[in-house]
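Look for subunit A in each of the two complexes below; its partner is subunit B in the first and subunit C in the second.
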Partner chain A sequence: MSRSPLDSKVSSNLVFILPGLLIYGSLVFGPIIAALVLSLTSWNGISAPEWIGFGNYISLIADEVFFKSLKNNALLMIFYCAVPVCLGVALAALVWNLKQKEQLALRTLLFLPYIMPTAVLGIIWHWLYNPAFGPFNQALKLVGLGDYALPWLGDFTFVLPAVGVVASWYFFGFCMVLFLSGMQRIDPSLFEAAKVDGAKGIRTFFFITLPLLLPEIRIALLLTIISSIKSFDLIFTMTRGGPANATLVPNIYMYQLGFQLNRYGYAAAVAIVGAILIFLVNYAVHRLVRPNHGGDAS
Partner chain B sequence: MSQSSGLNTTAWPMRIILWLFALMTVIPFGLLILTSLKSRPDLLQGAFVLPEYPHFENYVSAWIDGHFNVYFQNSVLVVLPVVTISIALGTLTGFGFAFLSFPFKRTLFVMMTIGMMVPTEAFIIPLYYEMRYTGLINTYAALILPQIAMSIPFATIFMASAMRQLPQEILEAAVLDGAKRSYILRRVILPLMVPAMSTLALFLFIWTWNEFLIPLILVNDDSFRTLPIGMLFFQGRYTVNTPVLTAGAVIVIAPLILAYLIFQRKFISGLTAGATK
Partner chain C sequence: MFRRIISCSMSPAVRRSAVLAGAAVIGFSLSGMVHAETLTVWDDHDSESRAAVMAELNGRFKEAHPDITLDHTIRDFADLNMTLKLAVSSGDGPDVTKVNQGAGAMGLMVKENLLVPVDDFITEYGWDKNQSDSLLARDRWSDKGEFGVGPTYGISSLAEIVGLYYNEKVLADAGVELPLTSFEDLMAAADKIKDAGKTPFMIGTAKGHLTLHMLAGITQAHIDASDREALDDLVYGHGGTFNTPGNVESAKIVQDWAQDGYFFNGYQGISGDDAVQLFVSGEGAFLISGTWYFGDMKANPDIHFMPIPGPEGVEHPLSVGGVDLAWAITSIAKDDDTKALAGEYINYMVSEDAAVTWAKAGYLPASSVPADADIEVTPLLSEGIKIWKSLNENNAIGHYPDWASPTMLKTFDDNTPLLLAGQQTPQELIDKLDADYQAYMKSK
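Now for the complex of A and B:
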């Protein structure tokens, strides 16, 4: 790479980057390294931490609660990733055919949840789902489905889908807008050609739109999978991981272990496993979902 | 925005489906506003029944008795410095990564991207103890400093990639004119960076306004709580008073909706483009 005309000697270059790097290093990167080290110890937050090597990680392998949290997380991915991405692609293909004004109105409305604080959305949905006076069950009763008016967030079977639906509701509009912006990149003459060849809407969708949207699909998958592993706010405000760990995910487990049970070393190990999962997903999505026409979107 | 695919023939059933989804997205917010204007007896009439007249006093009691005035003020006091300082530091560091040479540049860049990927939950325990040992728990600094640090990787990479797109000739001409680097940064580069910086400001505003974990862990005094976390504790205290709870929720999301309606295009293009970075 050619040297920028603005470059100078190192000592005077450092003035520009040091303030940012110092605060980042001391409050983010340093704590990340500290969490790695902490995960190799047993520490109750008061006495000196005791070095136990990979002891915490070995305990994790035999920890049924931890596996439950991983399983819940895997199930939640259906709602965090699969539903919004599929719905997003389908809706984008439909919205694409509308007039500009209507397109804009739908984009604006469907994107709305994505800018909201998930913690507050969790509190709002907690109220919507309220078994006695929540609007959700009242609506069911109004349309004659009163038998299905369950205590959603207290039901062992339905609590996970009930929380998951909120995540789908949060993400699908965002996915749709992401795909719409991808479709603007596609050469309109391709659609024209398909039309001339007599291709029907559905064929055009599967043979032109979908393959060319792969870069955006990859981004959407990456983002939603990572969000599902990161999920904390929404679940914390809706169920705190309950009832009976039915919605427990690794981050909630980390919170309980650390800030409620004072098992900080073990909690750090849970958090580190979550971070490693994110790196793995990042790698896997980049490797597996390869766009066949160059990755120009990313 | 480009033209549609030329198949302007989306059938009515399809359009109805689309608008049903739009309705599904908005209904929770509509119910929220509706309920925030009801009295408690109104509530017993059913969730979808209009109140006889709007009860704005719910907002007053959320604002004053519910401490939303304190939470709102704290949110503003945290968001403003986080956004401005993060942009300033991100511009400086981004300038460094875009144009300057220094040792371990690649390693430092990788360290930044790691910080962007690792969730806050992964390092919150050491961060909590760091704040405790420095005596910053229950101060504004505990809310502001870590959130600046968390914003720096994105701000740096965002600003660096915006600066790399500047035409090389402008910078070369400025150097040939004998201008100092700090002068070039302030007078030549910064004016051209205004669009990028305003997009970045929008991102940082939403992230900081919506942040939940940092205030949950690093602050436990009610007088330092920001809106999302204040709302959680408010729910714990007043769980029966639904109208006031929903009025509180409206107070939290109103600034976001307002900003969204004003900067709508920038929001959508910025957030989707930001996702692709």
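Now for the complex of A and C:
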């Protein structure tokens, strides 16, 4: 059997990973380290940065706006993660029992929002919600529900759910497709055995389907949580974080601090804290959402 | 009214050629003296009609300078503000740019030596004869970071007045008699319109700054030009406070209007531009904003423009306004030839020829339009020109309060929705504005 060049010593193979390493280092590691260093300075984007140690992080602790953005982000997680995952699981269970053609049609239809750029969705939904020209309020008025025709994106009570609904609509189709692929992985003999034992649909779902879907649920949670903490374009195009910071999230706050207020060091500190949050939350999901047996437990 | 000087028997093509030839002679007498090859220009004229004017002006400048390349980029206001400082500081920005006056943009760029003073060009081209000193003062920053004094770093081509648009037909239908000569008249008219079941004020707060314009407009309409010193000191960073009875009272008036249904139903969910479109379509009796909407407003002949009237006893009320973003030369223009070409470009942008072109498109130029210019101005622009002249004569052009500190615009944006929703008292809003201002003064 011929010996592959890749079987040689690690040092000899370094040259093969060098291009990828260089690209990854310059485009990912480099900016992360730069942001970390920048977060320890006071910098207006033009003059030389001034070293202030952990001054920005200490200021963040007392920053009400930053905590408001975190709170908004936590609430948005319900719409980014919980609703799409629950809805996705429920729909996957329903669609799974349909015939091949119907299943394909529904899968395609419900997955469609996910192929659209979220910035485009934000602009479209911004128009849909418009109280003067938008079809939602026009329809409400048409059916005599004019009292419920609210300025959705300008109302302090409804603006966060109004933005969140769009995120749920965007993600639930993706979650459903992910769960359907997970259901294909489950051994059909388990369902047959349950049927022989007299288990009905709901019982089968909760005691067989759901536990065996935990690897997919974990992936769905990880991806949607990362998306919710990374959220920027959808919210920016719909509300820019307003009104009065009612939909402000850390990434928009970071943008405002850096590009509008010229506080690049402080903005970098917000970015670093956001990255740490992503790590922490993802670690928690990794630890808490684990299958007891079977499936991918990595 | 402007007199026609070109014979009506001329064909449009011949007339256009004559205008171009005249422009070339008047505007480019020094064109042979500069030898720079490329001039990079950024501006914020992003609307269709303003971009068309700029294309026309740039075309004429290019005709007179066939040997140069004009690299022209249009950015919207936010994008320009965001990228300009970074681009120039990295050595990759424009030679000539529009730049927002105030501490956040022009002040910061001057402090970091990213802009070049234009005083030599003012003397060379006589810009100070075409625009008043109080307008040029808005582009001055001292070496110590004082606003309104020191070298001049720019000059604007368009004038801006924040005033009261009113729909004559809606007012007549509600039985309101014109003219409105005092602020009390305006309040009474708003009551009458509301009683008639119509919307007194069209406004949209989801995007844009119509609330800021309304608040500042009402406050400054209560200040007589003879008492403007405190406002000048405040905005030019000499000190002062936002915490005045006038500011609190204005905030209360606006909050009362919002709470009592004087605003368009759903105003919180529409943008300022949406509000303008609705106003043009006949919704609402009044809209408070600036002359930059003349191009949109002219579509409805019932719409007119006036300064926000002051209360009884205030003879010359201030009107918020001034000039649009200034044309400035950046540190990217390093050699003398490029600086000279940049100066010549700006000279053309603030020339009488450019002013006529802007006026023809319905915009209010900052430079004076020749009395014999061949243009037919829209009724709105005619009203605007008269008001601009009167305000200048009475030294009654006020200020944008957000120029007072680099963060003031955001402080306004973060707090005015709370005021309108009744989640913040007028005094709390003013306290927030003043805290922002005092923090900036302390940091200087």
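Simple rule for what comes next: the second predicted complex is superposed on the first by the 279 of 298 C-alpha atoms of A that agree within 3 Å, B and C clash if a C-alpha of one lies under 4 Å from a C-alpha of the other, contacts with A are read in each partner's own complex, and residues count from 1 in each chain.
In the analysis below, a contact is a pair of C-beta atoms (placed from the backbone, for glycine too) under 8 Å apart; a residue touches a chain by one contact, two chains touch by 3 or more.
The model shown is predicted, which means the values in this text are computed figures rather than measured ones.
After superposition onto subunit A, the modelled positions of subunit B and subunit C are compatible, with room for both.
After overlaying the two complexes on the shared chain, residue contacts for A:Ser189 are found with neither subunit B nor subunit C. Of the two partner chains placed by the overlay, only subunit C lies in contact with A:Pro243; subunit B stays clear of it.
In the superposition on chain A, the chain among subunit B and subunit C reaching more residues of subunit A is B. Using the contact criterion defined above for the overlaid structures, shared-chain residue A:Asn44 touches subunit C, although it does not reach subunit B.
Contacts of A:Trp96 after superposition: subunit B is touched, whereas subunit C is not reached. By the touch criterion defined above, A:Met116 reaches subunit B but does not reach subunit C.
Remark: in the superposition on chain A the angle formed at subunit A by the CA centres of subunit B and subunit C amounts to 80 degrees, rounded in steps of 10.
Legend: residue contacts after superposition of the two complexes on their common chain; A:Phe259 is shown touching both subunit B and subunit C. In the superposed model, A:Ala149 lies in contact with subunit C only, and not with subunit B.
By the touch criterion stated above, A:Phe133 is placed in contact with subunit B and with subunit C alike.
With chain A used as the common frame, subunit B approaches subunit C to a shortest CA-CA distance of 5 Å.
When both complexes are aligned on chain A by C-alpha atoms, subunit A residues 45, 133, 259 touch subunit B in the first and subunit C in the second. Within the complex, the subunit B residues that touch subunit A are 1-10, 14-15, 17-19, 21-22, 24-26, 28-29, 31-32, 35, 43-44, 46-48, 89-90, 92-93, 95-103, 108, 111-112, 114-115, 117-119, 121-127, 129-130, 145-146, 148-150, 152-153, 156, 168, 171-172, 175, 181, 184, 206, 209-210, 212-213, 217, 227-229, 231-232, 235, 242, 245-246, 249, 252-253, 256-257, 260, 264, 267-269, 271-273, 275-277.
Of all the residues in subunit A, the ones that touch subunit B in their complex are 3-8, 10, 13-14, 16-17, 19-21, 23-32, 34-35, 38, 45, 87, 91, 94-100, 102-120, 123-128, 133-135, 138-139, 142, 169, 172-174, 177-178, 181, 183-184, 188, 191-192, 195, 201, 215-216, 219, 223, 226, 229-230, 232-233, 236-237, 251, 254-255, 258-259, 264, 267-268, 271-272, 274-275, 278-279, 282, 297-298. If you check the complex, the residues on subunit C that touch subunit A are 81-82, 85-86, 89, 104, 108-109, 112, 114, 205-207, 264-270, 274, 278, 406-407, 410, 413-418, 421, 423.
Residues of subunit A that touch subunit C in their complex: 44-47, 65, 129-133, 137, 149-156, 239-240, 242-245, 256, 259-262.
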